[in-house]
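Two complexes come next, and they have one chain in common, chain A, joined by chain B in the first and chain C in the second.
Entry: the complex of A and B
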(Lines of atoms letter the chains of each structure in order from A and count residues from 1; the text may use other names and numbers.)
(Lines give C-alpha, C1' and ligand atoms only; values in the text may rest on other atoms or scores of the structure.)
Protein backbone atom coordinates (compact mmCIF):
# COMPACT_ATOMS: atom_id res chain seq x y z
CA UNK A 1 0.00 0.00 0.00
CA UNK A 2 2.73 2.44 0.98
CA UNK A 3 4.66 1.58 -2.16
CA UNK A 4 1.60 2.27 -4.34
CA UNK A 5 1.12 5.75 -2.87
CA UNK A 6 4.87 6.31 -3.25
CA UNK A 7 4.63 5.57 -6.99
CA UNK A 8 1.81 8.14 -7.18
CA UNK A 9 4.03 10.62 -5.32
CA UNK A 10 6.94 10.14 -7.73
CA UNK A 11 4.67 10.65 -10.76
CA UNK A 12 3.19 13.80 -9.18
CA UNK A 13 6.70 15.10 -8.43
CA UNK A 14 7.82 14.59 -12.03
CA UNK A 15 4.70 16.42 -13.27
CA UNK A 16 5.38 19.23 -10.77
CA UNK A 17 8.94 19.68 -12.04
CA UNK A 18 8.32 19.24 -15.78
CA UNK A 19 4.95 21.03 -16.14
CA UNK A 20 4.87 24.09 -18.40
CA UNK A 21 2.46 26.02 -16.20
CA UNK A 22 3.55 27.25 -12.77
CA UNK A 23 0.05 27.02 -11.29
CA UNK A 24 -0.37 23.37 -12.31
CA UNK A 25 3.12 22.67 -10.94
CA UNK A 26 2.00 24.04 -7.57
CA UNK A 27 -1.16 21.92 -7.64
CA UNK A 28 0.95 18.82 -8.37
CA UNK A 29 3.16 19.74 -5.41
CA UNK A 30 -0.01 19.75 -3.30
CA UNK A 31 -0.72 16.21 -4.53
CA UNK A 32 2.77 15.17 -3.36
CA UNK A 33 2.24 16.69 0.10
CA UNK A 34 -1.24 15.26 0.69
CA UNK A 35 -0.07 11.82 -0.47
CA UNK A 36 2.65 12.11 2.19
CA UNK A 37 -0.08 12.79 4.77
CA UNK A 38 -1.91 9.61 3.69
CA UNK A 39 1.32 7.59 3.97
CA UNK A 40 1.83 8.99 7.48
CA UNK A 41 -1.58 7.65 8.50
CA UNK A 42 -0.52 4.20 7.22
CA UNK A 43 2.75 4.52 9.16
CA UNK A 44 0.86 4.99 12.47
CA UNK A 45 1.79 8.67 12.77
CA UNK A 46 -1.53 10.53 13.19
CA UNK A 47 -0.02 13.64 14.83
CA UNK A 48 2.45 14.11 12.00
CA UNK A 49 -0.31 13.61 9.41
CA UNK A 50 -2.40 16.40 11.00
CA UNK A 51 0.59 18.78 10.99
CA UNK A 52 1.42 17.84 7.39
CA UNK A 53 -2.11 18.58 6.11
CA UNK A 54 -2.18 21.92 7.94
CA UNK A 55 1.27 22.99 6.71
CA UNK A 56 0.54 21.85 3.15
CA UNK A 57 -2.59 24.04 2.95
CA UNK A 58 -0.72 27.12 4.23
CA UNK A 59 2.18 26.38 1.87
CA UNK A 60 -0.07 26.12 -1.20
CA UNK A 61 -1.69 29.43 -0.26
CA UNK A 62 1.75 31.08 0.00
CA UNK A 63 2.95 29.62 -3.32
CA UNK A 64 -0.24 30.54 -5.21
CA UNK A 65 -0.11 34.06 -3.75
CA UNK A 66 3.48 34.36 -4.98
CA UNK A 67 2.77 33.32 -8.57
CA UNK A 68 -0.86 34.23 -9.29
CA UNK A 69 -0.41 37.73 -10.74
CA UNK A 70 3.03 37.11 -12.19
CA UNK A 71 4.09 35.33 -15.34
CA UNK A 72 2.47 31.92 -15.48
CA UNK A 73 4.20 30.82 -18.65
CA UNK A 74 7.22 28.59 -18.69
CA UNK A 75 10.58 30.05 -19.61
CA UNK A 76 11.43 29.60 -23.27
CA UNK A 77 15.19 29.07 -23.21
CA UNK A 78 16.60 25.72 -22.19
CA UNK A 79 19.49 25.20 -19.81
CA UNK A 80 22.82 24.67 -21.48
CA UNK A 81 23.57 21.12 -22.51
CA UNK A 82 26.48 20.88 -20.06
CA UNK A 83 24.30 21.79 -17.07
CA UNK A 84 21.76 19.12 -17.99
CA UNK A 85 24.44 16.44 -18.37
CA UNK A 86 26.04 17.51 -15.09
CA UNK A 87 22.66 17.32 -13.36
CA UNK A 88 21.96 13.81 -14.58
CA UNK A 89 25.48 12.66 -13.64
CA UNK A 90 25.12 14.19 -10.16
CA UNK A 91 21.75 12.52 -9.61
CA UNK A 92 23.14 9.18 -10.81
CA UNK A 93 26.18 9.38 -8.54
CA UNK A 94 23.93 10.29 -5.61
CA UNK A 95 21.67 7.35 -6.32
CA UNK A 96 24.57 4.88 -6.51
CA UNK A 97 25.89 6.09 -3.14
CA UNK A 98 22.43 5.87 -1.59
CA UNK A 99 21.87 2.33 -2.90
CA UNK A 100 25.21 1.29 -1.41
CA UNK A 101 24.14 2.72 1.96
CA UNK A 102 20.61 1.31 1.92
CA UNK A 103 21.82 -2.29 1.50
CA UNK A 104 23.30 -2.21 5.01
CA UNK A 105 20.06 -1.01 6.62
CA UNK A 106 17.85 -3.57 8.38
CA UNK A 107 14.62 -4.76 6.78
CA UNK A 108 11.77 -2.27 6.52
CA UNK A 109 9.50 -2.40 9.58
CA UNK A 110 11.99 -3.66 12.20
CA UNK A 111 12.11 -0.54 14.36
CA UNK A 112 14.21 -1.50 17.42
CA UNK A 113 17.02 -2.91 15.25
CA UNK A 114 16.99 -0.08 12.69
CA UNK A 115 19.66 1.95 14.45
CA UNK A 116 21.00 0.47 17.66
CA UNK A 117 22.50 3.58 19.20
CA UNK A 118 19.60 5.79 18.09
CA UNK A 119 16.78 3.51 19.17
CA UNK A 120 17.76 3.50 22.85
CA UNK A 121 16.11 6.85 23.79
CA UNK A 122 13.02 5.93 21.74
CA UNK A 123 12.49 2.75 23.72
CA UNK A 124 13.10 4.65 26.96
CA UNK A 125 10.40 7.20 26.02
CA UNK A 126 7.96 4.42 25.16
CA UNK A 127 8.56 2.49 28.38
CA UNK A 128 8.66 5.38 30.87
CA UNK A 129 6.88 8.24 29.07
CA UNK A 130 3.52 7.98 30.80
CA UNK A 131 4.99 7.49 34.28
CA UNK A 132 7.52 10.33 34.00
CA UNK A 133 5.47 13.00 32.22
CA UNK A 134 1.83 12.00 32.71
CA UNK A 135 1.10 12.41 28.98
CA UNK A 136 -0.49 9.43 27.20
CA UNK A 137 0.55 10.71 23.75
CA UNK A 138 4.26 9.91 23.68
CA UNK A 139 4.98 12.12 20.63
CA UNK A 140 3.68 15.16 22.51
CA UNK A 141 5.65 14.07 25.58
CA UNK A 142 8.88 14.01 23.54
CA UNK A 143 8.07 17.30 21.82
CA UNK A 144 7.06 19.36 24.85
CA UNK A 145 8.73 17.63 27.79
CA UNK A 146 11.83 15.56 27.00
CA UNK A 147 12.99 17.80 24.14
CA UNK A 148 11.38 21.12 25.04
CA UNK A 149 14.58 23.02 24.20
CA UNK A 150 14.35 21.59 20.70
CA UNK A 151 10.86 23.06 20.39
CA UNK A 152 12.13 26.38 21.73
CA UNK A 153 14.79 26.40 19.01
CA UNK A 154 12.17 25.54 16.40
CA UNK A 155 10.03 28.50 17.47
CA UNK A 156 13.12 30.73 17.34
CA UNK A 157 13.85 29.63 13.77
CA UNK A 158 10.19 30.16 12.83
CA UNK A 159 10.21 33.65 14.34
CA UNK A 160 13.42 34.76 12.67
CA UNK A 161 12.41 33.35 9.27
CA UNK A 162 9.04 35.14 9.34
CA UNK A 163 10.82 38.30 10.53
CA UNK A 164 13.20 38.00 7.57
CA UNK A 165 10.28 37.55 5.14
CA UNK A 166 8.53 40.63 6.55
CA UNK A 167 11.72 42.70 6.29
CA UNK A 168 12.33 41.59 2.69
CA UNK A 169 8.73 42.32 1.63
CA UNK A 170 8.42 45.72 3.35
CA UNK A 171 7.17 48.66 1.32
CA UNK A 172 9.81 51.16 0.23
CA UNK A 173 9.11 54.75 1.28
CA UNK B 1 20.53 -6.31 -3.30
CA UNK B 2 17.52 -8.33 -2.14
CA UNK B 3 17.96 -6.87 1.32
CA UNK B 4 17.10 -3.36 0.11
CA UNK B 5 13.46 -2.59 0.87
CA UNK B 6 11.31 -1.11 -1.89
CA UNK B 7 9.93 1.72 0.25
CA UNK B 8 13.40 3.13 1.08
CA UNK B 9 14.40 2.98 -2.56
CA UNK B 10 11.23 4.77 -3.70
CA UNK B 11 11.76 7.54 -1.14
CA UNK B 12 15.29 7.99 -2.45
CA UNK B 13 14.01 8.10 -6.07
CA UNK B 14 11.70 10.91 -4.96
CA UNK B 15 14.72 12.70 -3.47
CA UNK B 16 16.64 12.22 -6.73
CA UNK B 17 13.74 13.74 -8.72
CA UNK B 18 13.89 16.80 -6.47
CA UNK B 19 17.68 16.98 -6.81
CA UNK B 20 17.39 16.93 -10.60
CA UNK B 21 14.92 19.82 -10.43
CA UNK B 22 17.19 21.90 -8.20
CA UNK B 23 20.19 21.41 -10.50
CA UNK B 24 18.55 21.69 -13.92
CA UNK B 25 15.63 24.14 -13.66
CA UNK B 26 15.84 27.86 -14.40
CA UNK B 27 12.61 29.12 -12.90
CA UNK B 28 13.01 30.29 -9.27
CA UNK B 29 9.58 28.94 -8.26
CA UNK B 30 10.41 25.57 -9.86
CA UNK B 31 13.61 25.43 -7.79
CA UNK B 32 11.62 26.11 -4.62
CA UNK B 33 9.14 23.37 -5.57
CA UNK B 34 12.03 20.92 -6.11
CA UNK B 35 13.46 21.78 -2.69
CA UNK B 36 10.05 21.05 -1.15
CA UNK B 37 9.95 17.65 -2.89
CA UNK B 38 13.40 16.82 -1.45
CA UNK B 39 12.25 17.85 2.02
CA UNK B 40 9.14 15.67 1.64
CA UNK B 41 11.30 12.68 0.71
CA UNK B 42 13.65 13.11 3.68
CA UNK B 43 10.76 13.44 6.17
CA UNK B 44 9.20 10.32 4.72
CA UNK B 45 12.50 8.42 4.96
CA UNK B 46 12.90 9.29 8.66
CA UNK B 47 9.37 8.07 9.35
CA UNK B 48 10.01 4.83 7.41
CA UNK B 49 13.12 4.16 9.53
CA UNK B 50 11.05 4.37 12.71
CA UNK B 51 8.28 2.07 11.48
CA UNK B 52 7.51 -1.23 13.20
CA UNK B 53 5.64 -3.95 11.34
CA UNK B 54 2.09 -4.46 12.70
CA UNK B 55 2.79 -1.67 15.18
CA UNK B 56 0.39 0.77 16.79
CA UNK B 57 0.46 4.57 17.06
CA UNK B 58 2.50 5.86 20.04
CA UNK B 59 -0.62 6.97 21.91
CA UNK B 60 -1.52 5.00 25.04
CA UNK B 61 -5.15 4.06 25.60
CA UNK B 62 -6.77 3.43 28.97
CA UNK B 63 -5.92 0.15 30.66
CA UNK B 64 -2.86 -0.65 28.53
CA UNK B 65 0.23 -2.20 30.09
CA UNK B 66 3.35 -0.03 29.70
CA UNK B 67 5.63 -2.94 28.80
CA UNK B 68 3.18 -4.32 26.23
CA UNK B 69 2.78 -0.83 24.76
CA UNK B 70 6.55 -0.36 24.53
CA UNK B 71 6.92 -3.60 22.58
CA UNK B 72 4.26 -2.63 20.00
CA UNK B 73 4.36 1.12 19.33
CA UNK B 74 6.31 2.73 16.49
CA UNK B 75 9.19 5.14 17.13
CA UNK B 76 7.91 8.37 18.81
CA UNK B 77 11.24 10.20 18.51
CA UNK B 78 11.25 10.12 14.69
CA UNK B 79 7.71 11.49 14.62
CA UNK B 80 8.54 14.35 17.00
CA UNK B 81 11.59 15.29 14.94
CA UNK B 82 9.58 15.17 11.70
CA UNK B 83 6.94 17.51 13.16
CA UNK B 84 9.72 19.99 13.99
CA UNK B 85 11.18 19.60 10.51
CA UNK B 86 7.84 20.17 8.75
CA UNK B 87 7.14 23.40 10.63
CA UNK B 88 10.65 24.74 10.02
CA UNK B 89 10.26 23.83 6.34
CA UNK B 90 7.16 26.03 6.12
CA UNK B 91 8.98 29.07 7.53
CA UNK B 92 11.93 28.50 5.18
CA UNK B 93 9.53 28.40 2.22
CA UNK B 94 7.98 31.69 3.33
CA UNK B 95 11.46 33.26 3.36
CA UNK B 96 12.40 31.81 -0.05
CA UNK B 97 9.13 32.97 -1.62
CA UNK B 98 9.68 36.47 -0.21
CA UNK B 99 13.12 36.58 -1.86
CA UNK B 100 11.64 35.27 -5.14
CA UNK B 101 8.91 37.96 -5.11
CA UNK B 102 11.58 40.63 -4.49
CA UNK B 103 13.66 39.31 -7.40
CA UNK B 104 10.58 39.32 -9.63
CA UNK B 105 9.82 42.94 -8.73
CA UNK B 106 13.35 43.90 -9.70
CA UNK B 107 13.95 41.84 -12.84
CA UNK B 108 10.31 41.28 -13.98
CA UNK B 109 11.00 37.56 -14.44
CA UNK B 110 11.55 34.38 -12.42
CA UNK B 111 14.35 33.30 -14.78
CA UNK B 112 17.48 32.88 -12.66
CA UNK B 113 19.82 33.11 -15.67
CA UNK B 114 18.61 36.68 -16.34
CA UNK B 115 19.57 37.93 -12.87
CA UNK B 116 23.05 39.08 -13.73
CA UNK B 117 23.82 41.98 -11.40
CA UNK B 118 26.29 40.04 -9.31
CA UNK B 119 27.81 38.11 -12.21
CA UNK B 120 31.58 38.47 -12.26
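Entry: the complex of A and C
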Protein backbone atom coordinates (compact mmCIF):
# COMPACT_ATOMS: atom_id res chain seq x y z
CA UNK A 1 0.00 0.00 0.00
CA UNK A 2 2.76 2.43 0.96
CA UNK A 3 4.64 1.63 -2.27
CA UNK A 4 1.50 2.48 -4.28
CA UNK A 5 1.19 5.88 -2.54
CA UNK A 6 4.91 6.51 -3.06
CA UNK A 7 4.47 5.81 -6.78
CA UNK A 8 1.55 8.29 -6.85
CA UNK A 9 3.74 10.85 -5.05
CA UNK A 10 6.53 10.52 -7.59
CA UNK A 11 4.13 10.96 -10.54
CA UNK A 12 2.51 14.01 -8.89
CA UNK A 13 5.93 15.54 -8.21
CA UNK A 14 6.99 15.07 -11.84
CA UNK A 15 3.73 16.73 -13.00
CA UNK A 16 4.33 19.60 -10.55
CA UNK A 17 7.80 20.21 -12.01
CA UNK A 18 6.95 19.79 -15.68
CA UNK A 19 3.58 21.57 -15.77
CA UNK A 20 3.52 24.88 -17.64
CA UNK A 21 0.48 26.18 -15.76
CA UNK A 22 1.30 27.47 -12.27
CA UNK A 23 -2.11 26.58 -10.81
CA UNK A 24 -1.96 22.93 -11.87
CA UNK A 25 1.60 22.74 -10.56
CA UNK A 26 0.37 23.99 -7.14
CA UNK A 27 -2.46 21.42 -7.13
CA UNK A 28 0.02 18.62 -7.92
CA UNK A 29 2.25 19.85 -5.08
CA UNK A 30 -0.76 19.62 -2.76
CA UNK A 31 -1.38 16.05 -3.93
CA UNK A 32 2.20 15.16 -2.93
CA UNK A 33 1.65 16.59 0.56
CA UNK A 34 -1.67 14.84 1.17
CA UNK A 35 -0.19 11.53 -0.05
CA UNK A 36 2.59 12.02 2.52
CA UNK A 37 -0.10 12.53 5.20
CA UNK A 38 -1.78 9.23 4.19
CA UNK A 39 1.61 7.46 4.43
CA UNK A 40 2.02 8.88 7.96
CA UNK A 41 -1.38 7.39 8.92
CA UNK A 42 -0.28 3.99 7.61
CA UNK A 43 2.94 4.25 9.65
CA UNK A 44 0.90 4.75 12.90
CA UNK A 45 1.92 8.41 13.34
CA UNK A 46 -1.35 10.38 13.73
CA UNK A 47 0.39 13.42 15.25
CA UNK A 48 2.60 13.92 12.21
CA UNK A 49 -0.33 13.22 9.87
CA UNK A 50 -2.47 15.94 11.50
CA UNK A 51 0.32 18.53 11.26
CA UNK A 52 1.11 17.50 7.66
CA UNK A 53 -2.53 17.89 6.53
CA UNK A 54 -2.85 21.29 8.22
CA UNK A 55 0.43 22.65 6.86
CA UNK A 56 -0.54 21.45 3.39
CA UNK A 57 -3.95 23.17 3.57
CA UNK A 58 -2.45 26.49 4.71
CA UNK A 59 0.29 26.26 2.08
CA UNK A 60 -2.21 25.51 -0.71
CA UNK A 61 -4.45 28.42 0.29
CA UNK A 62 -1.54 30.88 0.43
CA UNK A 63 -0.02 29.66 -2.86
CA UNK A 64 -3.35 29.64 -4.75
CA UNK A 65 -4.15 33.14 -3.49
CA UNK A 66 -0.69 34.37 -4.51
CA UNK A 67 -1.10 32.78 -7.97
CA UNK A 68 -4.63 33.98 -8.70
CA UNK A 69 -3.64 37.63 -8.34
CA UNK A 70 -1.00 37.40 -11.06
CA UNK A 71 -1.92 38.04 -14.67
CA UNK A 72 0.56 35.58 -16.12
CA UNK A 73 0.00 32.06 -14.78
CA UNK A 74 1.47 30.18 -17.75
CA UNK A 75 5.22 29.73 -17.97
CA UNK A 76 6.74 30.41 -21.38
CA UNK A 77 10.17 29.76 -22.86
CA UNK A 78 12.56 26.87 -22.42
CA UNK A 79 15.03 26.16 -19.66
CA UNK A 80 18.64 26.92 -20.26
CA UNK A 81 21.00 24.10 -21.21
CA UNK A 82 23.38 24.71 -18.31
CA UNK A 83 20.54 24.71 -15.75
CA UNK A 84 19.28 21.39 -17.12
CA UNK A 85 22.71 19.73 -16.99
CA UNK A 86 23.45 21.09 -13.53
CA UNK A 87 20.07 19.85 -12.28
CA UNK A 88 20.60 16.35 -13.63
CA UNK A 89 24.13 16.12 -12.17
CA UNK A 90 23.08 17.48 -8.78
CA UNK A 91 20.04 15.19 -8.48
CA UNK A 92 22.13 12.19 -9.60
CA UNK A 93 24.83 12.91 -7.01
CA UNK A 94 22.16 13.38 -4.32
CA UNK A 95 20.49 10.07 -5.12
CA UNK A 96 23.83 8.22 -5.23
CA UNK A 97 24.72 9.64 -1.81
CA UNK A 98 21.36 8.68 -0.35
CA UNK A 99 21.56 5.15 -1.80
CA UNK A 100 25.09 4.79 -0.40
CA UNK A 101 23.82 5.84 3.03
CA UNK A 102 20.67 3.70 2.94
CA UNK A 103 22.63 0.46 2.31
CA UNK A 104 23.96 0.48 5.87
CA UNK A 105 20.52 1.07 7.47
CA UNK A 106 18.43 -1.85 8.80
CA UNK A 107 15.46 -3.10 6.78
CA UNK A 108 12.45 -0.77 6.88
CA UNK A 109 10.17 -1.45 9.85
CA UNK A 110 12.41 -3.98 11.63
CA UNK A 111 14.52 -3.59 14.74
CA UNK A 112 18.06 -4.95 14.28
CA UNK A 113 19.32 -7.69 16.60
CA UNK A 114 22.51 -6.03 17.79
CA UNK A 115 24.12 -5.62 21.18
CA UNK A 116 22.92 -2.02 21.54
CA UNK A 117 19.62 -1.78 19.72
CA UNK A 118 18.44 1.43 18.04
CA UNK A 119 15.06 0.84 19.65
CA UNK A 120 16.40 1.33 23.20
CA UNK A 121 15.38 5.03 23.62
CA UNK A 122 11.88 4.55 22.19
CA UNK A 123 11.24 1.47 24.33
CA UNK A 124 12.51 3.38 27.35
CA UNK A 125 10.11 6.26 26.63
CA UNK A 126 7.20 3.83 26.23
CA UNK A 127 8.03 2.06 29.47
CA UNK A 128 8.72 5.10 31.69
CA UNK A 129 6.94 7.97 29.89
CA UNK A 130 3.61 7.83 31.70
CA UNK A 131 5.12 7.50 35.17
CA UNK A 132 7.71 10.25 34.69
CA UNK A 133 5.68 12.90 32.87
CA UNK A 134 2.13 11.91 33.80
CA UNK A 135 0.68 12.23 30.30
CA UNK A 136 -0.48 9.48 27.97
CA UNK A 137 0.49 10.97 24.59
CA UNK A 138 4.13 9.90 24.32
CA UNK A 139 4.77 12.07 21.26
CA UNK A 140 3.85 15.21 23.21
CA UNK A 141 5.85 13.92 26.18
CA UNK A 142 8.97 13.64 24.03
CA UNK A 143 8.37 16.99 22.31
CA UNK A 144 7.58 19.09 25.38
CA UNK A 145 9.37 17.27 28.19
CA UNK A 146 12.28 15.02 27.18
CA UNK A 147 13.31 17.13 24.17
CA UNK A 148 11.91 20.43 25.45
CA UNK A 149 14.98 22.44 24.43
CA UNK A 150 14.26 21.35 20.86
CA UNK A 151 10.79 22.92 21.09
CA UNK A 152 12.29 26.08 22.58
CA UNK A 153 14.61 26.40 19.59
CA UNK A 154 11.77 25.63 17.18
CA UNK A 155 9.57 28.36 18.63
CA UNK A 156 12.46 30.84 18.48
CA UNK A 157 13.16 29.92 14.85
CA UNK A 158 9.47 30.38 13.96
CA UNK A 159 9.42 33.74 15.72
CA UNK A 160 12.51 35.04 13.94
CA UNK A 161 11.22 33.78 10.56
CA UNK A 162 7.94 35.67 11.07
CA UNK A 163 9.87 38.73 12.23
CA UNK A 164 11.97 38.61 9.06
CA UNK A 165 8.91 38.21 6.82
CA UNK A 166 7.15 41.15 8.49
CA UNK A 167 10.24 43.38 8.27
CA UNK A 168 10.80 42.62 4.57
CA UNK A 169 7.14 42.86 3.48
CA UNK A 170 6.01 45.79 5.63
CA UNK A 171 4.35 48.87 4.21
CA UNK A 172 6.88 51.41 2.97
CA UNK A 173 6.42 54.99 4.05
CA UNK B 1 -16.35 36.14 -2.17
CA UNK B 2 -19.71 34.70 -3.24
CA UNK B 3 -22.73 34.07 -1.01
CA UNK B 4 -22.12 30.29 -0.99
CA UNK B 5 -18.65 30.67 0.54
CA UNK B 6 -19.94 33.12 3.16
CA UNK B 7 -22.79 30.80 4.23
CA UNK B 8 -20.55 27.73 4.42
CA UNK B 9 -17.97 29.72 6.41
CA UNK B 10 -20.55 30.90 8.93
CA UNK B 11 -21.76 27.30 9.37
CA UNK B 12 -18.33 25.69 9.67
CA UNK B 13 -16.63 28.45 11.70
CA UNK B 14 -17.77 27.32 15.15
CA UNK B 15 -16.89 23.67 14.50
CA UNK B 16 -13.36 24.63 13.42
CA UNK B 17 -12.92 26.82 16.51
CA UNK B 18 -14.11 24.05 18.84
CA UNK B 19 -11.85 21.48 17.16
CA UNK B 20 -8.86 23.81 17.34
CA UNK B 21 -9.38 24.38 21.06
CA UNK B 22 -10.08 20.69 21.74
CA UNK B 23 -6.88 19.56 20.05
CA UNK B 24 -4.84 21.85 22.30
CA UNK B 25 -6.51 21.08 25.60
CA UNK B 26 -6.40 17.32 24.95
CA UNK B 27 -2.91 17.51 23.40
CA UNK B 28 -1.45 15.55 26.31
CA UNK B 29 -4.05 12.76 26.08
CA UNK B 30 -4.68 12.23 22.36
CA UNK B 31 -2.86 13.08 19.12
CA UNK B 32 -2.50 16.80 18.57
CA UNK B 33 -0.87 19.56 20.54
CA UNK B 34 -0.01 23.20 20.41
CA UNK B 35 1.38 23.29 16.88
CA UNK B 36 -1.60 21.55 15.23
CA UNK B 37 -4.13 23.57 17.26
CA UNK B 38 -2.41 26.82 16.36
CA UNK B 39 -2.51 25.92 12.68
CA UNK B 40 -6.26 25.15 12.92
CA UNK B 41 -7.04 28.45 14.66
CA UNK B 42 -4.95 30.45 12.20
CA UNK B 43 -6.68 28.64 9.35
CA UNK B 44 -10.06 29.65 10.80
CA UNK B 45 -9.05 33.31 10.62
CA UNK B 46 -7.59 32.86 7.14
CA UNK B 47 -10.98 31.43 6.08
CA UNK B 48 -12.76 34.44 7.61
CA UNK B 49 -10.28 36.70 5.86
CA UNK B 50 -10.86 35.12 2.44
CA UNK B 51 -14.66 34.81 2.75
CA UNK B 52 -15.63 38.16 4.25
CA UNK B 53 -12.81 40.36 2.97
CA UNK B 54 -9.90 41.85 4.85
CA UNK B 55 -11.78 44.79 6.42
CA UNK B 56 -14.21 42.63 8.42
CA UNK B 57 -11.56 40.12 9.46
CA UNK B 58 -9.14 42.83 10.60
CA UNK B 59 -11.98 44.53 12.50
CA UNK B 60 -12.69 41.30 14.36
CA UNK B 61 -9.01 40.62 15.10
CA UNK B 62 -6.93 43.82 14.91
CA UNK B 63 -3.36 43.56 13.67
CA UNK B 64 -1.73 45.00 16.78
CA UNK B 65 -3.66 42.42 18.82
CA UNK B 66 -2.22 39.55 16.74
CA UNK B 67 1.26 41.02 17.17
CA UNK B 68 0.79 41.17 20.94
CA UNK B 69 -0.46 37.57 21.07
CA UNK B 70 2.61 36.51 19.10
CA UNK B 71 4.90 38.15 21.66
CA UNK B 72 2.88 36.82 24.60
CA UNK B 73 3.21 33.27 23.25
CA UNK B 74 6.99 33.50 22.88
CA UNK B 75 7.32 35.15 26.31
CA UNK B 76 5.09 32.44 27.80
CA UNK B 77 7.29 29.67 26.40
CA UNK B 78 10.45 31.30 27.81
CA UNK B 79 8.91 32.03 31.24
CA UNK B 80 7.51 28.49 31.54
CA UNK B 81 10.92 27.06 30.63
CA UNK B 82 12.70 29.20 33.23
CA UNK B 83 10.10 28.34 35.88
CA UNK B 84 10.31 24.63 35.10
CA UNK B 85 14.10 24.43 35.01
CA UNK B 86 15.04 26.70 37.94
CA UNK B 87 12.13 26.61 40.39
CA UNK B 88 10.52 23.21 39.88
CA UNK B 89 7.01 24.60 40.41
CA UNK B 90 5.53 22.05 38.05
CA UNK B 91 6.72 19.11 40.13
CA UNK B 92 4.13 19.97 42.81
CA UNK B 93 1.19 17.63 43.25
CA UNK B 94 -1.17 20.51 42.36
CA UNK B 95 -0.10 20.23 38.71
CA UNK B 96 0.39 16.48 38.51
CA UNK B 97 -3.19 15.37 39.03
CA UNK B 98 -4.72 12.01 38.12
CA UNK B 99 -3.34 10.06 35.18
CA UNK B 100 -5.44 10.25 31.98
CA UNK B 101 -7.46 13.21 33.29
CA UNK B 102 -7.72 16.66 31.72
CA UNK B 103 -5.90 18.48 34.53
CA UNK B 104 -2.67 16.55 34.70
CA UNK B 105 0.77 16.43 33.19
CA UNK B 106 2.69 19.16 35.03
CA UNK B 107 4.29 21.62 32.64
CA UNK B 108 2.92 20.17 29.40
CA UNK B 109 -0.63 21.66 29.17
CA UNK B 110 0.53 25.27 29.89
CA UNK B 111 3.44 24.85 27.48
CA UNK B 112 0.99 23.55 24.86
CA UNK B 113 -1.14 26.66 25.38
CA UNK B 114 1.84 28.98 24.96
CA UNK B 115 2.96 27.22 21.76
CA UNK B 116 -0.67 27.39 20.54
CA UNK B 117 -0.81 31.17 20.97
CA UNK B 118 2.60 31.58 19.34
CA UNK B 119 1.93 29.40 16.27
CA UNK B 120 -1.64 30.57 15.69
CA UNK B 121 -0.78 34.27 15.86
CA UNK B 122 2.42 33.77 13.87
CA UNK B 123 0.91 31.92 10.90
CA UNK B 124 -2.01 34.37 10.67
CA UNK B 125 0.47 37.26 10.90
CA UNK B 126 2.42 35.90 7.93
CA UNK B 127 -0.81 35.58 5.92
CA UNK B 128 -1.92 39.11 6.78
CA UNK B 129 1.54 40.46 5.94
CA UNK B 130 1.60 38.66 2.60
CA UNK B 131 -1.86 39.80 1.48
CA UNK B 132 -2.72 43.11 3.18
CA UNK B 133 0.56 44.95 2.88
CA UNK B 134 1.16 43.78 -0.66
CA UNK B 135 -2.29 44.89 -1.84
CA UNK B 136 -1.99 48.32 -0.24
CA UNK B 137 1.37 48.82 -1.94
CA UNK B 138 -0.13 48.23 -5.38
CA UNK B 139 -2.79 50.90 -5.04
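Note that the second predicted complex is superposed on the first by the 158 of 173 C-alpha atoms of A that agree within 3 Å, B and C clash if a C-alpha of one lies under 4 Å from a C-alpha of the other, contacts with A are read in each partner's own complex, and residues count from 1 in each chain.
The rule is simple: a contact is a pair of C-beta atoms (placed from the backbone, for glycine too) under 8 Å apart; a residue touches a chain by one contact, two chains touch by 3 or more.
From a predicted model like this one, the values you see are computed outputs, not experimental measurements.
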- When chain B and chain C are modelled together on chain A, clash or fit: fit
- Touched partner set for A:39, first chain B, second chain C, both or neither: first
- Pick one for A:51: touches chain B only (first), chain C only (second), both, or neither. both
- First (chain B), second (chain C), both or neither touched by A:62: both
- Task: With the two complexes superposed on chain A, say which partner A:14 touches: chain B (first), chain C (second), both, or neither.
- Result: first
- Query: Which partner, once the models are overlaid, touches more of chain A's residues, chain C or chain B?
  - Reply: B
- Have a look at where A:129 lands relative to chain B and chain C in the superposition and call it first, second, both or neither. first
- Message: If we overlay the two complexes on their shared chain A, which of chain B and chain C does A:162 touch? Say first, second, both or neither.
- Response: both
- Message: Between chain B and chain C, whom does A:148 touch in the aligned arrangement: first, second, both, or neither?
- Response: second
- Message: Looking at chain B versus chain C in the superposed three-chain picture, what is their shortest Cα distance in Å?
- Response: 6
- Note on the structure: In chain A, both chain B and chain C touch residues 46-47, 51, 55, 58, 62, 66, 130, 136-137, 139, 141, 143, 151, 158, 162, 165, 169
- Can you list the chain C residues touching chain A in their complex? 23, 27-33, 35-36, 39-40, 42-43, 46, 50, 70, 73-74, 77-78, 81, 84, 96-97, 99-100, 104-108, 111-112, 115, 118-119, 122-123, 125-127, 129-131, 133-134, 136-137
- Message: Show me the residue ranges of chain B that touch chain A in the complex, using the header's touch definition.
- Response: 1, 3-21, 23-27, 29-30, 32-34, 36-37, 40, 43-44, 47-53, 55-61, 66-67, 69-70, 73-80, 82-84, 86-95, 97-102, 104, 109-111, 113
- Residues of chain A touching chain C in the complex: 46-47, 50-51, 54-55, 57-58, 61-62, 65-66, 130, 133-137, 139-141, 143-145, 148, 151-152, 155-156, 158-159, 162, 165-166, 169-172
- Query: Contact residues on chain A for chain B in the complex?
  - Reply: 2-3, 6-7, 9-10, 13-14, 16-17, 22, 25-26, 29, 32-33, 36, 39-40, 43-48, 51-52, 55, 58-59, 62-63, 66-67, 70-71, 74-75, 77, 79, 83-84, 86-88, 90-91, 94-95, 98-99, 102-103, 105, 107-112, 114-115, 118-119, 121-123, 125-131, 136-139, 141-143, 147, 150-151, 154, 157-158, 161-162, 164-165, 168-169
